[in-house]
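Read from first to last, the chains carry the letters A, B, C and D; within each, the first residue is number 1.
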């Protein structure tokens, strides 16, 4: 299946945000580079490592918006992943640069979902797309409503949309 | 969303196969135990490690059927994952035993898909379900038809179905 | 530097222990097989994964002796590693079987050290040797004397020495 | 054992190099932050992940000096680790910033050794020290003399020493 085209343009020269010219969607982006540790004997990045990259993207977005995930946990909540998916389009090799694009896409009463789009840092080639859906738990491990910090992160991101 | 019940029964006392009494589906199963290395600071297994468990299950199934994945690669093919998904139902903690159930579910001309169901090794609780879909590549990295070893693995597994 | 020869012989047919005929030392041994996830683009196991194998060996030894590390932690102690070292002699490749040999070698008032020797599961070739030294902490994170379970593990292992 | 004090001062405001005021030694430094994936159930970074951080430091140093390790491999050499060691002084927790200090310390005919010192990115606390020793292999896997790129990396680093 041919993936949807992804055509990101920086919001402004120093911005950490891009707008996808295909859809008008706003994405946070952060930079990373593959490690030798990430590759496997077929010379490409082993698939599970993309979940580390997704975590990097999610953490960078939340920090940028002013609510690092560490503070969410310190305030008494934890957000385990309840489902995830990844579709791979082209591999990353050793020492490849990448842009990790992250975007909060769905807010439910007790859950929040992030989408990810990773592109090659030089060629712009689409590497993979995916999502993680997280469920809010309180300190006793009970399902609970999404916490105020995460709601503010959500609102800040949405209000930043310029098109 | 409530997961479908999974009710595995061993085909015979020493068997590595179970039949799910809910669906009649046959699954290979293999045993594993979580490591300290697999856990994260919320005390449960970090989500990406379930992809290692899926690999363990897939490798054990292929070895059992007589076609270890190493031999598939030695014969000139490689099977990168083109998409995957996991749904998490209950966490595994440190040192927990688990059964990894694996089942080849779809054979396309150039792709093959495995389903996985992990259960707690003592309580039988459903831990997670998921799939990985793999695309056949030849030595030059071109998409190619599924190789003879994998076809035989597929056929052996299907012929083993007893109900 | 040429490594010391290692010449393990099973204590008895079903035993989980070997005696090194070179030194008379007793070692616990456990079996493992490398994963695709463990390899890197040079086709061999990435070096940090040997620390996972060491953890597997340590856990298997403690379980065998009757004091799983999980129970040590449940009784209020934690044993972070204070120093470690590995010397590599020959690589493991994908799907290689291995024997992980583990041996408690030094008991200090607040510390305990394990040695490890990994050999290829078929050829017997020496893969690597190493150690981890652990310091006992109590629930408040203070350095404390080695706990009773670990002392018993230590004594059980020593009393098992047959030569 | 009390570690040697480490007292790094930047060579200049924008520099990627520090000088340890205790010893006069020059070190390259790079920044990183711990991931949730890096932690374990005792809330600190699992020990094997420090080897990833060492790889990050080594890669950043080689890139900075103008000889990325990828180019070394492309020129026909590979540098597997023959021995390594780590001493841990204080733990890193989730989301902690760190400075990874890296320094090539020994050049043998067929081997090269790097030292590492990781400090907490805010407090400056000493986290761990360690080394990796690498052996040069050619394309056929034979031990060979250290390659010209690595020699230049070595010389560039040494010539940069200002005290």
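Quick note on the criterion: a residue touches a chain if its C-beta (ideal position, glycine included) is under 8 Å from a C-beta of that chain, and two chains touch if they have at least 3 such contacts.
Just so you know, these numbers come straight off a predicted model, no measurement behind them.
Asks: Across the interfaces C-D and B-C, which one involves more C-beta pairs in contact?
Replies: Between the two chain pairs, C-D has more contacting C-beta pairs.
Asks: Taking each chain's centre as the mean of its CA atoms, which one is most distant from chain D?
Replies: If we average the C-alpha coordinates per chain, B ends up farthest from chain D.
Asks: Please work out the Cα centroid separation of chain B and chain D, and write it as a whole number of Å.
Replies: Roughly 38 Å separates the two chain centres.
Asks: Can you work out the whole-Å distance between the CA centroids of chain B and chain C?
Replies: 29
Asks: List, in ascending order, every residue of chain D touching at least 2 other chains.
Replies: 36-37, 42, 44, 48, 51-52, 94
Asks: Tell me, which parts of chain D touch chain C in their complex?
Replies: Within the complex, chain D contacts chain C at residues 42, 44, 47-49, 51-52, 78, 80-88, 91, 132.
Asks: For the complex, give me every residue of chain D touching chain B.
Replies: Chain D residues touching chain B: 36-37, 39-44, 46, 48, 93-94.
Asks: Please give the residue numbers of chain C that touch chain B in the complex, ascending.
Replies: 33, 35-37, 51-52, 55-56, 59, 68-70, 73, 94-95
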